[in-house]
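Presented sequentially are two complexes of subunit A, the first with subunit B as partner and the second with subunit C.
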Partner chain A sequence: MSVGFIDILQSLIDGILFGSIYALIGLGFTLIFGAMEKLNMAYAASSIGGAYVGLGLATLFSLPLFLVFLIGPVAAGLISILVYLVSFRLIPSTNHLGSLMASIGALFFIDEVIIHETQGSPLTFPELGIFAEAYFMFGDLGFRGDLIFIMIFGLISMGVIIYLLYYTRLGLATRAVSQQNVAARLCGIPIHTINISTFVLAGILGGFAGCMAAASVGVISPLLTIPITIKGLIAAVIGGLGSIRGAIIAGLMIGGVENFFLLVRGVNERDIYVFLLLFVFLVLRPNGLFGNEINRD
Partner chain B sequence: MISKIKSLKLAALAFATVIAGGAVADTIKIAGWGAKSGPLRSFGVNSEAIIKAAIDRVNENGGVKLADGSMAKMSYDYYDSACNAEQGIAIARKVASETNALIGIGPTCSGVAAASFGVFQKKVGDSSDTGLQMPLLTDTAVRNGLAKISQWTFRNTPNEPDMYDKLFAWIAKTNPEIKTIYGGTETNQGHSAGTYSKVIVQAAVRHGFEWVNGPIDEVSGKIGSGFKNVLSSSSNWLMEDTNFSVQARAFKKSGADLFIVSSHPFTTCGFLKELSRMKGMPKMMVGLTSSSSAEVMKGCPKQAEGMIIPTSFAPITAAAKEVAALAAANGGSADLHSAAAWENVMIIKDVIEAVGITGDPSKVKEERAKMRDGLEALETTEGLIGKVTRVQDEGEALKPFVFVHAKNGNWEVLHDPRK
Partner chain C sequence: MEYYFGILQNIGFHTLLGLSAYLLLLTGQLSMAQVGFFAIGAYASGILTVIYGINIFLALGVGALIASFFAFLVGFPALRIKGLMLVIATIAFSEIVRLYFFNLRWLVEKNGVEVGPDGAQGFREIRYFAANGWEPYHIVSFIWIVVILVLFALWWLDRVKAGSVLRAVGEDELAAQSSGINLTVVKVSAMTGGGFIAGIAGGLYAHSTTYVDHNSFTILLATFAVAYPILGGLKNVFGTLFAVIFIQGILIEGLRFLGDYRNLLFGLLIILVMNFYPKGLINIPLFNWSKLVKRRDI
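And then the complex of A and B:
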């Protein structure tokens, strides 16, 4: 099938809109890295886990389905606390590899729990009400209502997080812990409480992203966990670990790149180019788009 | 007191004799394996639920008749092969060498079947081949032509080439306005991609339907011809994808009369929703056999409306309705894959009674060979929706099937090609 300019433009639009989900997950990765300089690999699994808990509770208690979008993020925040306790709090802070491996373990543990509780079957997930069916046409170009909603939410989240980090006492404390852990402790900042707050905040954000990812296809499946983990992590790395705006911009960019190569090279080559992009950044710009300077030998 | 002790000694001696061999068993064991973890876990869960229901039914009716006329109960163990080839092979080896299971049922995934059938002895009686010598009767793995890998492996799975051939013949006859086709599949799922490129598109071409962008190179309608070109000419996705905008747009842009959507429920629903959102629905849609499941009807009944799928199971007979109810009662659901597990248990019971099995653990090797011969000799078996013809030299089945379509949130029978 021939590929025209409109097709390319449309695929970029669709990809950028869908990249909002990667952006939200990347934002979570970057928040935790920014606070602790550690990667929480179980982050996307916690996010999807939260969405599952939301769906489960709403179904169990016959709650209105829109509540899934409230319960899911809260549940993801709580799962994130558990992940923090077992993968970070209990492991010596200097043992970065230990925390990384523990969080990878937590990722697979959460994934397996989901698989066993749901028998691995995809479950119907409530869609975003009026946004789900909304499809706006501007000339030859189409825009999905639900993805526009997610993108706007992502941008608002970015604004809220920047506000929290730079204009509140919690943000001041978080930045202090991030910059000089020992000095922050000497100043009386409860670092574990601050870390937990960061995990909860990231978890809530991720829970919302998990709900959005599931709502965008109308089903939730354990198959979502690994791809979202990988793409979210790439967004965080390309954006610059610790950079909030970087995660958002890189997430959107990854969505666009992914969809563009899907269009022109097909599904079997699509991810090659996304990983190639990551490789290029790691070699040529290891600190990402907006990350702090990383010294090279 | 002395007589009591004597009696006890005699009883113990009799028990020891039975244990030592030369006696009949009171339980006939079979082994099942399939995906009970991972994304395809529901397939294993459904199969196990139905194996359990079928064995319960056999035992409620007195059990299975052994060679000496006594009755034995049936029992089963079910193992998780997780849709993983190495795990499937390990289970096949374990069951064959460490258990007294007379026969196996499984596995779920065609990839596991293709790999694990290879560790069975290829040709019966070949002393140079030390492969596993235990019969296996597959319920789910459906990819075309797997049973012939070994003479110990048999399948009671639908024959997709036959099903899609009949389906497109029927569509061509009843819907002459449908001329052009276009499609896509999950390329990282062996059954979806293989059946799509080697079977479904070929069947359509064979019956005169035209690929919307002109003929695909090397595709003649013969099974498997130019299948790589079919895949490269289509708009495909992966099993774990959630964004189908590019593919749905390609389908819509193709303007074909008939879309072929060859995928499992998770992505089928995601794709159909995107297509529907773009208002790209075609005049007709054909789906993969595995999508004629309850999951699609739960996930996207509105968008799947009208999709036609050939299936070897539908609750159209009293027996099929009963199995569907029993599956639900056992925590599973009956579909074209899992319902075959019921038929398999009943086939095994009939073969045990026909070939004269003692269940004596010391004769397990000999009796497995008898079971194999018994399975190979079968010309027909009773299926849930009709008689099943055995293709004896290939170990395969020709199962009756119907065409169902999604209508008002259910899979309803659209046409029964036997009528």
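And then the complex of A and C:
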């Protein structure tokens, strides 16, 4: 099989555009890590769960389908609050393993609830309206409209989060909590409220990403959860845990690498190269692209 | 009877996997790579007995050595990263191994039949036990002899200096390093030992089920492997054994009448135990022998 230059360029573009979903999920992981120095492994599961709730409610009450994209993120935010309450609220903050395991438990619980409710079969997901039909040609290269929309949304949400974190009182409190938990509490910052608001923000983003992922593929299935979790985590790590622009850039990069190897090596071997990329970063640059040098545990 | 043998075998493999994760958790490393080593052990020893026709004991040993060699290789980059980053790195390692075996085709013709790993079709016909006239109870006893040996070895490890060194690293790396403990040696040898145990478990698994494919080695199994010692507690090896019997014996086999709902319980159980017993179920000694003895002289 001969692969032309234009094919490679096209697959890179498609991949980078699709990478915006990984970027959004990685953004959520990094946001929660930045606030609490903990990983919420159930994050991608709650995003997909939100998309399911949106789809379920919309079909149950025969609502217009675009409402899925509003209900989904809200539901994902609510699921995130539940995840916070069951896997982070009561476990001592020094016990990193405890909350990590509890959130893995939440990941499997959400996954199994979905499988139980849908009998494990994938459901068709509504497309993104006018964006799904749009297809821009630029010379020989094509750009999918819905993916461009997701990418623009990702960049906007990155801007909004940076604004919230660095220019509002809420962001000031969040950064205080992440830097010095005890001192922040002594200053009268309600740390659980702050943490919950981080979870809700991340959850809404994730719910949107979950809906977008399902809409761009056309189906939603519980099988999406684990790959999206892993790719999102890799995006967060390569970008440097806690770094917002890092997660976005790394997510796009992973999408590009993944689609490039899909073209060159086929679907069975594609993911191996993404994981190898992670290893290259962990060995050569353990703090990621934009991670700071503080000694994390 | 076959059914109970099946459960016993299953508990055996899961105990070995849990113990390999336990050894690493003692040094404070949460590794999701155990399932990768398990897969390497399974395929390596399967290939040795099926394609090269080697004796099972030798094949298990060599498979475990190959797995521990990969664990050794993983141990070095893992030194630079710890905690949550290690979790992600080891998840990626396990997935690389799984995808490698997903793509591995190595078919050899034996007696007119093609045998060996066949990509997505899996690795069929690992029939060493059946071909050599092993009865089911032979297989079960063999697995449990290995389990008991490993349990005993790890129990004994806690009673010698090496065990204290492992726990010292797990409690506080900085303090351990400043009292002259070589972190590199301790962490890499724990990783290698864990890889060896997981490799044996994989070899036993491949031979007693006679069939493995990439679906046997998912992240779910890696989670099970680390969940046992965490749920059981790191006080001693019996916590892991207790957690395996509880989950595999009672939760999965005993509650079959619940049907689908059973799968919900695993996630829920982890959440509940982590909330109410963050240090594991068996963290306090069940029987305080010293108290019984000392009561006399009050």
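As a convention for this text, the second predicted complex is superposed on the first by the 293 of 297 C-alpha atoms of A that agree within 3 Å, B and C clash if a C-alpha of one lies under 4 Å from a C-alpha of the other, contacts with A are read in each partner's own complex, and residues count from 1 in each chain.
We take it that contacts are C-beta pairs under 8 Å (C-beta built on N, C-alpha and C of every residue); 3 or more make two chains touch, one makes a residue touch a chain.
Model, not experiment: these values are computed from the prediction.
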So, after the overlay on subunit A, do subunit B and subunit C clash or fit? They fit
Touching A:N268 in the superposition: subunit B (first), subunit C (second), both, neither?
-> both
Message: Is A:V86 touching anything from subunit B or subunit C once the two structures are fitted on A? First, second, both or neither.
response: second
### Query
Is A:S121 touching the first partner subunit B, the second partner subunit C, both, or neither of them?
first
So, A:D14: does it touch subunit B (first), subunit C (second), both, or neither?
first
Looking at A:I230 after the superposition, I want to know if it touches subunit B, subunit C, both of them or none. Which is it: first, second, both, neither? second
Here the angle between the directions from the C-alpha centre of subunit A to those of subunit B and subunit C, rounded in steps of 10 degrees, is 60
Going by the contact rule set out at the top, does A:L186 touch subunit B (first), subunit C (second), both, or neither?
neither
Partner chain in contact with A:F279 - subunit B first, subunit C second, else both or neither: second
Taking the superposition as given, does A:L60 touch the first partner, subunit B, the second, subunit C, both, or neither? neither
Considering only touches as defined above, state whether A:M101 meets subunit B (first), subunit C (second), both or neither.
second
Once superposed, subunit B sits from subunit C at a minimum Cα distance (Å) of 5
Subunit B and subunit C footprints on subunit A meet at residues 112, 115-116, 226, 268
Subunit A residues touching subunit C in their complex are 33, 38-39, 86-87, 90-92, 95-102, 104-113, 115-116, 226, 230, 233-234, 237, 241, 268-269, 271-272, 275-276, 278-279, 282-283, 286, 296-297
Listed in rising order, subunit A residues that touch subunit B in their complex are 1, 7, 10-11, 14-15, 18, 112, 115-116, 119-122, 124, 133, 135, 142, 144, 213, 216-219, 221-224, 226-227, 255, 258-259, 262-263, 266-268
Subunit A partner, complex, touching residues on subunit B are 35, 37-42, 45, 187, 213, 232, 235-247, 249-250, 253-254, 265-266, 269-270, 273, 277-279, 295, 298-300
In the complex, the residues of subunit C that touch subunit A are 30, 77, 80-85, 87-89, 91-93, 95-96, 99-100, 102-103, 119-120, 218-220, 223, 226-227, 230, 260-261, 263-264, 266-271, 274-275, 278-279
